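The structure under discussion appears below in the form of structure tokens.
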Amino acid sequence: MFTNIPLLSLIIWVPVIGGMVCMFAGDDRKATRARCIALFTAFINLMLCIPLYMQFDTTTSNMQFVENIDWIAKFGVHYQLGVDGISVLMVILSTITTFLVVIASWRPIKKNVAQYMAAFLIMQGMMVGVFEALDAILFYVFWEGMLIPMYLCIGMWGGSRRTYASIKFFLYTFLGSALMLIALLYLRTKTEDFNLLSFYAVKLTMTEQIYIFIAFLLAFSVKIPMWPVHTWLPDAHTEAPAGGSVVLAALMLKMGIYGILRFSMPITPDASQYLAGFMIVLSLIAIVYIAIVAIGQTDMKRLIAYSSVAHMGFTTLACFVIYKIIAKTGDLHDAYLTLEGGMVQMLSHAFSTGAMFLGVGVLYERLHSREINAFGGVAHKMPLFAAFFMLFALANVGLPGTSGFVGEFLIILGSFKASYVITLFAASTLVLSATYTLWLYKRVFFGPVTTKGVEAMHDLEMPEYTVLAILAFLVIFIGVYPNALLQVFHASIGHLLELSTTSKL
Amino acid sequence: MVTLTDYLIVGAILFGLSLAGMIINRKNLIIVLMSVELMLLAVNMNFIAFSSFLQDPRGQIFVFFILAVAAAETAIGLAILIILFRHRQSINVTDLDTLKG
Amino acid sequence: MELLKTLSLLVVIAPLVGAAGAGLFCRQVSKQFAHRLTIALMGFSLILSLYVACLVIGQDQSYEGVLYLWGQSGKLTLNVGFLIDNLTACMMVTVTFVSFLVHIYSIGYMAEDGGYQRFFSYISLFTFFMLMLVTANNFLQLFFGWEGVGLASYLLIGFWFNRESANQGSFKAFLVNRVGDFGFVVGIAGVLGYFGSLDYIPVFAAIPGVAEANTLIPGTSWSVISFIGFFLFVGAMAKSAQMPLHVWLPESMEGPTPISALIHAATMVTAGVFMVARLSPLYQYTPSMQSFILIIGATGALFTGLIAIVQNDIKRVVAYSTLSQLGYMMAAAGVSAYAASIFHLMTHAAFKALLFLGAGSVILAMHHDQDLRHMGGLRKQMPITYFTFLIGTLALCAIPPFSGFFSKDAIIEAVHSSQIGGASYAYVCVVLGSFVTAFYSFRALFLAFHGEGRMSHEAKHHVKESPWVVWLPLVLLAIPSVIQGYMMVGPMLFSEPSYLGNSITVLTQNNVLMRMGEEFRGGFHMILESFGNFPLWFAILGAFSAWIAYVKKPELPPLCVKRFKWLYTILIHKYGFDDFNDWFFVRGGQRTAKLMYQGDARIIDDFFVNGAGRLITWCSATARRLQTGYIYHYAFVMLLGLMALLVWLMFR
Amino acid sequence: MNFTPPDFFPAILEMLTLGMTCLVMLVYLFLDQKNRGITYFLTQITLLGTAVVAISLHGSPEVITFDGSFILNSQAILLKIFILLSVSFVLMYSRTYIRENDILHGEFYLLVLFSVLGMEVLVSAYSFLTLYLGLEIFSLPLYALIALKGNKPVCQEAAIKYFIMGAIASGFLLYGISLIYGACQSFNIHEIISMMSLSIHTEPLLLTLGLVFMSAGALFKLGIAPFHMWVPDVYEGSPNAMTLLIATAPKLAGFALLTHILVEALPVLFPQWQYLLIAVALLSMAVGNIIAIVQDNIKRMLAYSSIANMGYMLLGLIAGTPRGYGAALFYMIIYVVMSLGAFGVITMLSRKGFELEKVDDFKGLNTRNPWLAFMMLLILFSMAGVPPSAGFFAKVGVLEALVKVNIVWLPAVALVFAIIGAYYYLRVVKVMYFDEPLEKTPVILESFDTQLAISINGLAVFFLGLFPTTLIELCQQAFLA
Amino acid sequence: MIEKLIFYVFAALLIGSATMVIVSRQSVRAAFFLIVAFCASAVLWMLLSAEFLALLLIFVYVGAVMTLFMFVVMMLNLDQESLQEKFVRYLPFAVLLVALMVGVLVYAMKPGHLGELGLAISPHPSADYSNTKALGLLLYTHYVYAFELAAVILLIAIVAAIGLTHREKSRNKRQRIDAQLAATKADRLQILQLEAEK
């Protein structure tokens, strides 16, 4: 039924065009019109994901729904799209997130509504493009193009230090990805075009691989972000509006991991193996050190931002620990566990952290403060919200039965095959994440009502309720039945593992 | 006999002098304009020397055009100088530092 | 088989349905609906679990199978499934029984509370998690239940979130449990790493082979099984409040009393014991861990009991006694007397729940005043409570023929006859422990129910017996506290096959119970025999001392406090665990966090990131000054550039 | 002496321009003060008409005429088209400005037309003589134009600086030509190539000297460090309309100058000028991007940005392959389009008696005129090289050409500078979008054609990013013949 | 020999006067020295048998361009302030650099570096050779395009010079009758209400 429709292109361009329309919907006197256009677009896009998911064949690791048109023939750049098990979920995740963000921003955003909605829709198109692109330059275009709406989003609707945060965000990520471009151009000299799949087949010497790996790493590690290039994230998260934080946490950080899975590991397998130890150490630093830093935060968003970094440490750990596992056991099957855990962690982190940022947004809208000390006893005034937030906090803590558990658990279990030392460090998250998350919860929600501001707070409104309920459902669903996700990318992960462990020398 | 090198050296020295004139002269803009003339003279010297030793009149043709352009250039330069003077009552080179940084 | 599966599923699901019904719609449904729904489902669950127990223990059926595929990765499949055997059946009955009674009790106890529906939802949810824990057939599900009960405990301790102490207590409880879970997860990872599976059956089957083959670090003798056993036991230490991870349990008393009865006495805290019993095939292969468990357990049994002596909060006294009893259970598990351990677990569930609920009844009567110093002489106003409380106390003190006697005596005997390392130390501990137990138990009893009332005059008039929903569970719990021990001691410990059947594994050289069983001639004989042994006399001596100190000569305790100031200080500070934790983990942790944040913000962010920006800006501001605006400078720069290029290219 | 009259047809564009210029001059002289607005339209007709003719010429085979001093090939035609179009846009943007600021508009349009003629000549030059004459024809009117606005003292300062520095640069150029002439016995590019390939009479030292001197002259026109000192001063000091003019079309002409010298006349010396260009390109990128950061004056900031951008353009030439030259040309054209838009917005926002100069003058533009702000946004991000704008592909083009010849370190350094550069573009975006406006009144553009022009310009930056293929192909073809 | 003598004398004169041009404190003196320099170089050009250009230099430069200079100098009355000129701190640096450049150029123009030309002596054309005729032939045939362009340049110079120095209309004192006729009372007469002084 849908076979002839360029589904992937539609998912990219429908929101972009919708965003353009939205931008010209008029000024703030016609804000509702802009909101409706945005919601409609996001909804259409969400609907487009249904045939995508339905027709997706989980048994193969091949790229599906492939589209391929010449774009800039002179450079060997093609407009080439396709999804496999890894990316299809990210695409769906993007559309869901944007849909939720549009609803969640319904009331809080009152200034430049049309531009706000447009920024998010365009950003979504770009991000989906990142996940769908099979051409390296196309990937890069989407990868960087997304910075513009995000920059504006932080800068125009952000908090008091928004200028600093937005410029820092932009320059940091821009700096990171610069060298990736060089690496891509270099790879191009070895092949006919910028096709990713042909990059996989390129033979590279160890030196080349290490340089390319480092170039990629800079780009991806900034996005993820890994210690020590993470410092943009707390600022960006803190200053961004709630929707911006959600998109940052839920999607933008995932692009880094996605890049590692798509580029670093398959293109430079030997360098990845060579540097796996280093990467694991960085990941563990993120998991332990950053979690401790999170404990010392007084700003809610900053705390969640740091927790985000710590959680993303798991995904990088998952990616690179496979080399140690295979080195030790020699069995490819043992590596599945961590890598698939990493994938689940990516998705679940999107929901739980995204939801927590939305939650902070809900609080911020009512009290216009993000300081933990400004709150107290919110559970009295907003019991429903408190319940939701508890769920998301628990997901953040990684309680079994929530999505947060699955990924971390699989990674911790899997890492044991590499070394029990890694497991020991990684498992420390159980204590640390519980410490900062529940401490936050305790100070904000429990205790007597402390201030007049809290006294005046009202419980969730309809849009907020809808968004949080959807997220809550997803969080629990993934936690109880993760196989729904695992089976989607099983074949692709297998293929990826094979690529990433076959020497190119 | 006088060799090509001699002429070229004269040209080079003239060229150097004209540049020196622009650099060390800090008061009088009009002398800077004169240095420009000197510079063109140095170039002309080169052209004519080469032309003569190569026995190729085209070098002199070039000089012909340089002279024409130099005249036009001087006219425009002096015109700018005049209105500059009109506005500032000065053609001091050191005074021309409103635009900087 | 299928019948068992269906039954178990219903047993497990029913509380969840109740929790969801009462919880998700807590603002829509009435109080009556909430407790009716949850109690009905709980009762249903209790009946079914009894039926399951009949099937399993009576007809020797068992079930092991998969409910659904949770996840699959590589060659590994992770399932949610059930293992229903004798051990599970015993636990299911215990859990549902106590939970059912606590539900009923809560109708009265929580009647006035604003979060009534929420409360019922929580305890049903807890029951669900606990049942998931005991029915698990794999480590994943075990962990699910394990963390789930922790969550429920957290929510319930912090039930009155208005109170700072409750929040603090719940937070602490969760964190300490998380420390345990940290170990537990590492242990599970070890299981997966060395056995390649998380299901009990294949893992247990593989243990003997792995135990011989592997050492963790090549060249050392630290066996893999010990490693795994140790980390798993760390989980148990937290959950079952073994020293030094016991610190959360006393503070958990900030929760409503029914919770203390259900979670912090009868069920959740025994999960660690259950786990050790469940993993008996594993612990059998690691003598070092057995000794470790024994020593930890025995130490806890004596020393936490000592703290109870100086406590004035009635619930705290009971809480410390719980710690002590958990120590007994662990010690039993340490000497491979798993049956005794589980037996004590079951008797303890009944009498400790009884004690807590009795204390709750007193607290209710005292209008939520928990201080023993304000009580006294309550036996007249609250006869039912008094009698049930007395029964509980006697059971706790292991006075024959109450249930506690049989289980505890078996434990002491088992420790006595064990040969493993640390057994003699443990024996001293557990024997002294029986004196201590009796002393503090009767102290509490005397202070609360005997002597003159020390409450205010006005309060005295208001004290009256609790409503029937409160005392009915007391009575229902008093019955097993009296008879359970006598009835079950034979079949549970010494018969062949016993109640626990094949669900636990004990190697012959460790099997103390079997040796004891050779001398066992029935419950009555056991009572008679006990009069010839230390423990009983110690217990009676303890009760007698308490009578002297708190009824006969009330002026004696302050004198002792003055005399043994140092001892009192140590006990009142609980051996300094809390102070140390507060100093090292709480404040030290915060300071470390702040310091590290400063490092992050100052060094990485400010110095490197913003520093780079500042450097460039500085370069910029400096370089712009080269652009002086003077024509001669410009010409000079041009000439300079030209010359540089010229010289470079000419003499390159 | 047998002499055959040359073929005049290839020079039709120049002749058209010159003829129309004379017409404009006459019309201007004999027209009333009131009707002098007609000169604007005549000028536009000249430019667009010539552009149309140029477009129609595109694709015709390469012709060399006037005794080897004139060439018409696809490269020349392409450059001419863009020169004519960009000047046409310049005039559209600055029309109101000229009217409101009492600039003698007859002289203004005449001088602009002369300058355009000079650029055309330069682009088509195939001998150093015509090259020099073209250079002077296009430069001399520019010096005069800057000083034309009588009431602003800094503009005379800018003019005299530009004039003197320009004279020095043409001195360098001429000196270089004389040396090359001495070494090759000719200043005809065609003959130089054959002399060089025969390597008769070619003295390496003289050639090197000549190369350096000539390059210095050409690099000056492009404003490349260390011959860049005039750029910020002149950009800042000139009236906005003149800045707009000198920042756009002359860059294309300067590009032609540089390629004529290096690529066409002296390809044999590639190993030498590659090093030379690497040095100056690095210096330009560093100087331009770093000093721009602290500028408060937006024109000055964009001047430094242009220095940096010219550095990037050179990267394409450094590659030394037709692919690289094509990429450099593409970069140049895209840069001109972008800077047309940026300075166009600046010019349009200037009012009578108010020169928009400070970055802060852009404050809150988004609330005052969202569309204009959006166009500026597109242009700025394009200048920063953020995809999917045209500026990104321009950068990718030159970098790819370099990587292709296995020079990897230079692109890496270039990109690091690009990131430093992104900062100041972002600052302008920040001022436009994040800051509150100083005055609340909305900015309304009077004439429709200006609005249309800026929209076309801004969107071109965007759409050339989405669909750059055609232009890239054209640029590549220009160097393949 | 005589040729050599002439060359050295006039070369010295040329360089000397050029030096005087750049170090003069007065514009007028500089202009005179410049004229001397032009004349000296005209002689050198004669030696190179570029007679036409030598004469052109005298006519055009000394006759026209330098007159223009002098005219401007006189008109603007520039010389009062240029008296205080003084050399600056960085002078040695600048001089050093210039000397270095000259050195490099001189090094590059050693006879050995000039190939065959370096050894050649200055040629003496045959008697019937007319420099002017040769140039004329080339100029109007092969260089017709350049010639036209030169014309354009001069046109530009005219337009630019007029445009630049042309004064604004307001300084024009021509009578504007239409304006006078259109004047109304309101334009010319303003009635002020002055407050009485207290």
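In order of appearance the chains are A, B, C, D and E, and numbering begins at 1 in each one.
By our rule, contacts are C-beta pairs under 8 Å (C-beta built on N, C-alpha and C of every residue); 3 or more make two chains touch, one makes a residue touch a chain.
All values reported here derive from a predicted model rather than from experimental measurement.
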Partner chains shared by chain A and chain E (touch criterion as defined above):
C, D
Quick one: most central chain, C-alpha centroids?
A
Farthest chain from chain C, comparing Cα centres?
E
Counting C-beta pairs in contact, which chain pair ranks first?
B-E
Using mean CA coordinates as chain centres, what's the gap between chain B and chain E in Å?
7
Give, as an integer number of Å, the spacing between the C-alpha centres of chain C and chain B.
97
Which integer distance in Å separates the CA centroid of chain C from that of chain E?
101
Can you check how far apart chain A and chain C are, centre to centre, with Cα atoms defining each centre and the answer in Å?
37
Which positions in chain E touch two or more other chains at once?
94, 98, 101, 105, 108-109, 114, 117, 143, 146, 150, 153, 156-157, 160-161, 164
Listed in rising order, chain D residues that touch 2 or more other chains are 129, 133, 136, 140, 143-144, 147, 150, 160-161, 164, 168, 182, 205, 209, 232-233, 295, 423
Going by residue number, chain C touches two or more other chains at 624, 627, 629, 631-632, 635-636, 639-640, 642, 646, 650
Which chains touch which?
A-C, A-D, B-C, B-D, B-E, C-D, C-E, D-E
Sites on chain C touched by chain A in the complex:
27, 68-76, 140, 143-144, 147-148, 151, 154, 158, 161-162, 164, 167, 170-171, 174-175, 178-179, 181-182, 185-186, 188-190, 192-193, 216, 227, 589-590, 592-597, 600-601, 604-605, 608-609
Footprint of chain B on chain E - complex, ascending
3-4, 7, 11, 14-15, 18-19, 21-25, 27, 30-31, 34, 37-38, 41, 44-45, 47-50, 52-53, 56-57, 60-61, 64-65, 68-69, 72-73, 75-76, 78, 81-82, 84-85, 87-88, 91, 94-95, 98-99, 101-102, 105-106, 109-111, 114, 117-123, 125, 131, 134-135, 138-139, 143, 146, 150, 153-154, 156-158, 160-161, 164-165
Listed in rising order, the residues of chain C that touch chain B in the complex are 624-625, 627-632, 635-636, 639
Quick one: in the complex, what on chain D touches chain C?
160-161, 164-165, 168-169, 172, 205, 208-209, 211-213, 215-216, 220, 225-227, 229-230, 232-233, 272, 275-276, 279-280, 287, 290-295, 420, 423
Please output the residues of chain E touching chain C within their complex, sorted ascending.
90, 94, 97-98, 100-101, 104, 108
